[in-house]
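Heads up, the next two complexes both have subunit A, just with different partners, subunit B and then subunit C.
Let's turn to the complex of A and B:
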């Protein structure tokens, strides 16, 4: 098809082709205009505005007048709590990649195949993803309640001799793992769905051929299915890392980044300074730093890892 | 083909996003419509009657945000608004009630957007001053000079709403923070009411030995724990120490403020709190634990009783109150108090009617109802007669005896400092900050803001 169309164009008169091109361009511009307008108004403009405010010591009320240059950025990069927040974000990234995605992949391999009642399992696994973050957070706060009379998890645990009720969200070293459990519960279904879509794109002939050549189930998965899923896995890793860097609502509702910054993330840190400590200038600077971190990851990842499959 | 599919998908998504945007607005409107429909019905009725009088006034509408979540208390505002609207049929009061923490979050966003509600909850102090400085509040001094409004209000309460000789709002409630306790649990453990900090530690131990959780606290909210440090600082540093640090001749990192942190660390070391206290919330967890008899004490403001009663009315028979204990060798007097109260301020674009409504709900009658509902300690002369509960009498007595009355630090200071104070004190509760580090963090925040 493509070759034929190229032929057509080469045969037409130059002037006419230019005319068509111009007409095409006009059409393209018209179609792109709404998207570009939305993009500029809701994305580019706020970013520029944030950069502007990040250079001021500004409380968020009235005009910004107290110019301090890059002072906020220096403070951010030397603030122990922000560094801790980055650390917590990285912990969530690593745990997501090491635990959440493999679980999702395993489940996709199981329920993506012939299995009785797979439709039922798919629905059940995907259900947490449909719930809103607020509802998820509040539901898990009930489950995690420190009082065994009120919290389901502690009620179960205290039935087992030798185990004591724990304050899952109130202990400094438990709170982050507790939050990670909720994140995994909520998002593994989404990644499972991505993997299932990837699996559908693998032609059954390839796998049949491997089986005929004498590959066992394990070899089939490690040598045929997984390599062919490469692109899908890379997409899912990409989404998972970016998602982990942006977690907010769930954590803010459950712990507000506490106790004492134990579950502080970059986003909760930004919110605290912008809307609780009334340092919107500083909060804007934090937002810009977050943007830069996500952008650096995004660009390097695409450059280094997101090569097409046939080059891998 | 594929591309067409993708593009049509994108278009559908874009449109659906836009639709979501508009339908959200509609959902918000629907809620308003319910309240509006009720008020409009009243307005229309009276308007018909008024047509005979020929003089028709322009309809006026203003917004009113409060934080009363107990049903009877919220209903009082609606009743008062209905009365007010019946008197002035052209007025429409749009009332919204928020939960405390949600209110603070919501208010911050509208304030940063430069569009304050017309009349809203405030604790006065530093946060209010920030709003006033930014020109977000309306000066109501001229209204307050009429009909003895200002002079009929107790000065301790009113001073929190004053900035540079101007008033931006009025209090409706003024009290002090103290220990609420469960008399049954105290008797059961044979514990005495502590009058000194050392005795309080001993009482906690006695209660623990009897298998009772001594203290409930909602430290996830942070301000309930800050009360401890602030009270200890008031007892140890005293009025002079605080004023020196505040006027920057002294420092919040001075020895007496470190000692306050050390005294608090002594209490934390006994572990007298309910499990999970670091993430517990005042309304959802701590007040429930105390009202259900799962903990013997709780340090809270005058609004405590109303909240406990709404959780479990049985607690009222065994509810006691004692003032924050003295600290041996401290510079502060035994009756010096940390306290504050609730009030309302007026937004910059509010109509005169909003100020008139504020005056209307500040009447002695309204005050008496508020006292009866357990939502206020009176601030208007003549309303004291309504104080009947034994615990309320103790708080009123504590308030009248206080020679030095300090507004809660997180409201006294601007938001940036108040939040650092609350965050740092939580560090002592969690054991992640030493008393020195906590005092230094507070000093740094104050220095950055004030110097």
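Let's turn to the complex of A and C:
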């Protein structure tokens, strides 16, 4: 009886497994199809198409016929305004890494694990992140108003003797720092959140052991806590750099890249040429250059500084 | 005696940093709240009050501007459009990501790693950067000036993040469960639908929360895709309203406050899922 059942199984198994395999293959296809299709339609195909258009002088109507080869790319890389935009993007990246992330990390350490009201501070500090860039931009335009009777920041500053009202969004050397302040206001809470989660994940035993071994508070942070946060910091740096490539709405609403391109970013440059001037061939080339920059950054970051942990 | 002193000392020394901590955090708290509070004040002032004293406490509050915005059909139309786009994007993202992640995490097939890497490409190409190529493709597919265009593009650019989160979660579910359900006669889809989806609710909620916040707040895709005013979403409408009524700040404040309320309510509801999603995996080593 028992032997017979074993027999049955061994006889039916191959056929059944072949059947399952075919069925599985169909299932796999159906399960993957929507995701792959969306990606092919809205990512792969558009990029390939834009590479093609970037080789033509094309205004967006009718077929692209004026082939100019790499002409657009040469124009981009020699256009002072685009180089200025890359420079501004870089400035924002550097400021983010040098100021915004350390503030976030410091505040995460201040809140620590057990502080009473931890959840409350986290909720409020993270609030700006969920307000849209549009709302953020309009709020800060009120604050930055050049007239001290209107703008809160100038009203505060003029209270201090010797300081006078400034046009924060209208002066060439003030506009980028002013925008960076808004970016920090909006995004530091996000990085703080990541660091808080990272801190939560460090076993308390490790820190206790260091304290027992005679480490003081500062040694504890520099020699134990920060090294253990390494992966979290790498992720936060990665997201911050990629995030500063994406800044658009905030700057477009507040300054449109002005005054005189002083706050021009790659994204506002690309938007102006593509959707205001409708130079779609040239805009395509700009988009491709931006995509290449993002790709190079992602790949080198992953290769040199190891994968950001959220891909692992 | 001396022992007692030591304890008191430690107790005393430990209290000071806590006070400093609260002082630092309170300063940051005030900086965070100032822009929000000022615009909140502005929204309950009359035009005249706003001109004479734009950032003072409004006593008594005047509700005319808020009431006027609430009477605007266009405002409600924007709320409706944003809700539609966000709901469809969220459902689409969760459904599509969970299907593809199920196949990648729970089934064996050749090219699995390749498919996974392919589906995470979107992490490197945010929609802001790829917007012109995406717009040109949407134009060919007649998706311009069409809410479906916005929904499909939002969904496509949320897939990578969702796939990463769900793939990690699905992998953690014991394979015995899957084997047992197959022996009991479950199909792969049956296992996905009856067991995996039910077990993965927290992870699915996380993906939903992130997709919802992105879709609700995004300006770029609606901005390039939607021409007709009756299709505008809230961020696009708010931007246009500010452009049109830029000088009537009391009115703009009222509009901004009312358009922020849904996001804040949404945030308070999905805070936990959102936070666990944004910190997922970023906490390893």
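Please note the rule applied: the second predicted complex is superposed on the first by the 275 of 312 C-alpha atoms of A that agree within 3 Å, B and C clash if a C-alpha of one lies under 4 Å from a C-alpha of the other, contacts with A are read in each partner's own complex, and residues count from 1 in each chain.
Here, contacts are C-beta pairs under 8 Å (C-beta built on N, C-alpha and C of every residue); 3 or more make two chains touch, one makes a residue touch a chain.
Predicted model, so just to flag it, every value in this text is computed and none were measured.
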Considering only the touch criterion stated at the top, classify A:275 as touching first (subunit B), second (subunit C), both, or neither.
both
Tell me which partner A:138 touches in the superposition: subunit B (first), subunit C (second), both or neither.
second
Quick check on the superposed pair: does A:259 touch subunit B, subunit C, both, or neither? Answer first, second, both or neither.
first
Which of subunit B and subunit C A:61 touches, first, second, both or neither:
first
Pick one for A:36: touches subunit B only (first), subunit C only (second), both, or neither.
second
On subunit A, which partner touches more residues: subunit B or subunit C?
C
Could you say whether A:124 touches subunit B, subunit C, both of them, or neither, answering first, second, both or neither?
second
Look at A:248 in the shared chain and tell me whether it touches subunit B only, subunit C only, both, or neither; answer first, second, both or neither.
second
One more residue to check, A:193. First (subunit B), second (subunit C), both or neither?
second
Can you give me the overlap between the subunit B contact set and the subunit C contact set on subunit A?
34-35, 38, 275, 280
Given the complex, residues on subunit B that touch subunit A span 14, 104-105, 108-109, 111-112, 114, 130-131, 133-136, 219-220, 222, 274-280, 289, 294, 414-416, 419-420, 423, 426-427, 429-430, 432-433
Would you pull the subunit A residues touching subunit C in the complex into a rising list?
23-25, 27-28, 30-32, 34-36, 38-39, 41-43, 45-47, 49-50, 53, 107, 110-111, 115, 117, 121-128, 130-136, 138-140, 142-143, 149-150, 152, 155, 185, 189-190, 193-194, 196-198, 200-201, 228, 230-232, 235-236, 242, 245-249, 253, 267, 270-271, 274-275, 280, 283-284, 286-287, 290-291, 294-295, 298, 308-312
Could you pull out which subunit C residues touch subunit A in their complex?
18, 21-22, 24-25, 28-29, 31-36, 38-39, 42, 54-55, 95-97, 99-100, 102-104, 107, 109, 115, 118-126, 128-138, 141, 152-153, 155-157, 159, 163-164, 187-189, 192, 213, 216-220, 224, 234-236, 238-239, 242, 249, 252-253, 256, 259-260, 263-264, 266-267, 271, 274-275, 278-285
For the complex, which residues does subunit A have touching subunit B?
34-35, 38, 59-62, 145-147, 165, 167-172, 175, 255-256, 258-260, 262, 272, 275-280
